[in-house]
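Have a look at this one.
To keep things simple, chains are lettered A, B and C as they appear, and every chain counts its residues starting from 1.
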Amino acid sequence: MRLRRPCADTAVRATMSAHEPRRGGELVVDGLRVAYEPGVPVVDGIDLAVPAGTLTALLGPSGCGKTTVLKVVAGLLTAGAGEVSVDGIALDTTPAERRPVGMVFQKPLLFGHLTVGDNVAFGLRMRGVGRAARRRRVAEMLELVGLPELAGRRVGELSGGQEQRVALARALVLDPRVLLLDEPFSALDAELRHRMRELVRRVQRELSITMLFVTHDQQEAVDLADAVVLMLGGRIEGVGSPSSFYTDPPTLAAARFFGSTNEIPGTVTGSAFTCPLGELQLDHPGPDGPGVLVVRPEAVRLLGADGPPNTVTTTVRETRFRGTHRTVVTVADGGTMVLTATVAPAVPVEAGDRVHLQLPPSACRVLPTAAPRIVTTTENEDARA
Amino acid sequence: MSTVPRGLRITLLLAPALLVVVGLFGGGLAQAVAQSLGYQPFLPGRELSLDAYRALWADPAVRASIGITLRVALISTAAAAVLGTAAALLVRSLGRHRRRFAALLQVTLPLPHAVAALAMILLLGQSGALSRVAAALGLVEDPSGFPALTQDGFGWGIIASYVWKEAPFVAVVVLAALSSGVAELEDAARALGANAAQRMRHVLAPVLAPAVAAASVLVFAFTLGSYEVPFLLGRPFPATLPVVAYQQFRDPDLSARPLAMAIAVVTALLVGACVVAYLSLSERLRR
Amino acid sequence: MRRGAGAGLLAVGLLAPLVPLLLWAVAGEFRYPALLPTFSGRGLALLGDAAVRSAVGTSVLIASSVAVLATLAGAAAGRALGLYAFRGRRAVQLLLLAPVLVPTLAVTLGIQVFFIRYGLTDTVAGVVLVQLIPTVPYASLVMASSFASFDPDVEDAGRVLGAGPLRRLRHVTLPAVAPGLAVAALFAFLISWSEYILTLLIGGGTVQTLPLLLFASIGSADLAAAAALSLVIAAPPLLLVGLTARFLTGDRAAVVGFGRL
């Protein structure tokens, strides 16, 4: 221990003295499969790549297996099959404590018997870094997360938001090539959560660190991430930029996960879509055959008169004031098909009004009818977390 | 209920328990002290004196008895703490069989100490099961060839009986402390680069120390002050303090009473001193 | 592999000492250096004796009375300690801790004279009373921890829904603290069930409980009888703890009770 100390010390000092901290590494997960009980996979064939220096959100409902993926990457859980690598170096035989991977957990998990500073210094101490270097680095990290004065505090005196900032500083102090965050802000209130997101985003940019951020909150994923990986029932449902999940969802389930959408079943023939509303035009026709047309309420336009293509005459059933906008729920003429649109709050619509809704051809997507897949939603993911 | 004023309500709620603790326990303790000084309830007064304590200090039998009492209590407590903690960590690492072994730990816990003592007589005694196994292996020829582990001068039998009962107690307390999210803390330490030994030293030890210490204080207090096991497994001389106290108390000669009481008071003081030491130590460690 | 060996060692260490006890309970001829006895039902047959049967009755009566009284006193004190922050609360807690730690024998020697004076020696009532000393403080501490996690606002909720004091107690408060009550009663019962020296001091040998019979048979060196009697004494605690193990493992306040057994 004593012998190793000087060289470990210089190694850390070398990374610290460089003005530009080294960039994060590229994380690749390939063919990951995990089953807690034989034959019941919690994670079933996950492939994902997080480019160096970017932030990817791993999004999914609770119990979809996302925490399991994170724990396998951290080395805290052994996968049944698959490979995890950072910068092309496979980590499968590397124990968690020697992986170049840091992790911030859902709970702060601070060590109650240590001060804030000693918590942040913990990883350095494990590596045998000397006291003076530790103190310097701790001060740097606490400064980075906006808690410069708190090194001497007991962890019991911190607020929830401060605790997670200390946990973040504690993980960053080791200069990990990849930082994993497992819903770190889910226990905080909305306002604080928002500020913490900005902190993570700022830290990520400043350090150009590679981050994989697990969340069940699509708003959080969209706010933070360069790329979103949507996971449902132990599998990847779609990968893309945050906006693509709104404009061009990969599957019906993905479209539904990103909030309410209009769903119209029908059949594609060329660039036309035949459905109970009549024949609609498509700018992005898929393959011919049955499918579900989805169009987001915010893309639907409220018109004064019939005219442009894909306009449907409807009767307003109810309107709901939502603060920043108004949701208009309508029933299409000659049927029971419900169409929803969002409009500016000041738009004067009331229940009973006759309105014309346009479903712009560019905003319509036809997705395959969801094949009824058996989704194993296991609640024990959280229990094991 | 809500019409009763708050202070009175609290007093009424506490009354029965305090009656027992203050009246019976506190009164008993006070009486033990008073009678050790020569006071005799319901009998004509006598001069109070410290004679009993002087006699106690001068009596080599009592001094020997303090020795064996402390020896047995310290060794039993240390062995129970070490073995119990090890057993708890072992049980925790067993994965699928964890529950079954945790249940196994509870087998000796509810057994009365007298039953445990009898089990030790039958196991460790010179004609007990171990001695018979030794004979079957040709190691000894008759009971007298087997080392005296019960009714011995050192107190091995007493220690064995206490450890058999109290190590699982420590284990159960430690397991309760381990169940509250320690595994997550260890994961966090792992992600920060702590290897198995470092996790033991920097995460497990600080978390478990208070639980082990608290359990040890209870074990120590019990092994110091209880009567049954040393009576059954020890020698009449030198016997542990509670046994001597009772012997003196039963003495038809009432003049032995103050000595019996003095021994009881000394026993209580020993326990009290250890508890106070523990409390102040844990208080200081918390700072 | 090493884990397996450790687990094996643990199981042997815990269970092996019971084997000679079980063998002796059914032993006829068991002379040194025989490893196994000849079978005989003599020891077990002794359990049908009038003395044993009456001791079982006395033990059950005393232990049940102690369990009920200690749990009632403990529940009341526990409610005060768990729900109210009052001056002297810490002092009361320490006061309650003292009898858990300080040997009961020491204090009982001091009050025995008073039990004689007020005619409580040689009576079941006297034995029950003295056994409240080690059990009431423990029950209070368990109930304090149980009430500490009880939200008294649900009593108000019950009240708003039209439940009077008795129905609130029966349908709101009791179900919430039931696990604590069960643990307190269980340990009070077990402590009393195993007690020897207090029973001897106050009961004076007239109140014959099972532990007194066991000591007598060990003293008379009838090992088969003693072993058989041990089984009778050991069975109820094992059964009770086995049935309530679910409540016991996680709760630290509850677990402490084992230290007194």
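Simple rule for what comes next: a contact is a pair of C-beta atoms (placed from the backbone, for glycine too) under 8 Å apart; a residue touches a chain by one contact, two chains touch by 3 or more.
Computed from a prediction, not measured in an experiment: that's the story for all the values here.
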| Touch-network distance, chain A to chain B, counted in steps | 1
| query | Farthest chain from chain C, comparing Cα centres? | reply | A
| Between chain A and chain C, centroid-to-centroid distance (C-alpha), Å | 55
| query | In angstrom, rounded to a whole number, how far apart do the mean CA points of chain B and chain C lie? | reply | 16
| field | Residue ranges of chain B touching chain C (in the complex, touch as defined) | value | 1, 6-7, 9-10, 12-18, 20-22, 24-25, 27-35, 41-42, 87, 90-91, 93-94, 97, 101-116, 118-123, 127-129, 131-133, 135-136, 142-143, 164-166, 168-169, 172-173, 175-177, 179, 211, 215, 217-219, 221-222, 224-228, 232, 242, 245-246, 249, 260-261, 264-265, 267-268, 271-272, 275
| task | Please give the residue numbers of chain C that touch chain B in the complex, ascending. | result | 3, 6-7, 10-11, 13-21, 23-24, 32-35, 72-74, 76-77, 79-81, 84, 86, 92, 95-96, 98-111, 113-114, 117, 129-130, 132-133, 136-137, 140, 165, 190, 193-194, 196-197, 211, 214-215, 218, 223, 226-227, 230, 233-234, 237-238, 240-242, 245, 248-252, 255-256, 258-261
| In the complex with chain B, residue positions of chain A that touch it | 71, 74-76, 95-98, 101-103, 105, 107, 109, 111-113, 122-123, 125-127, 170-171, 174, 385
| note | The answer for chain B against chain A in the complex is residues 181, 184-185, 187-195, 198, 202-203, 206-207
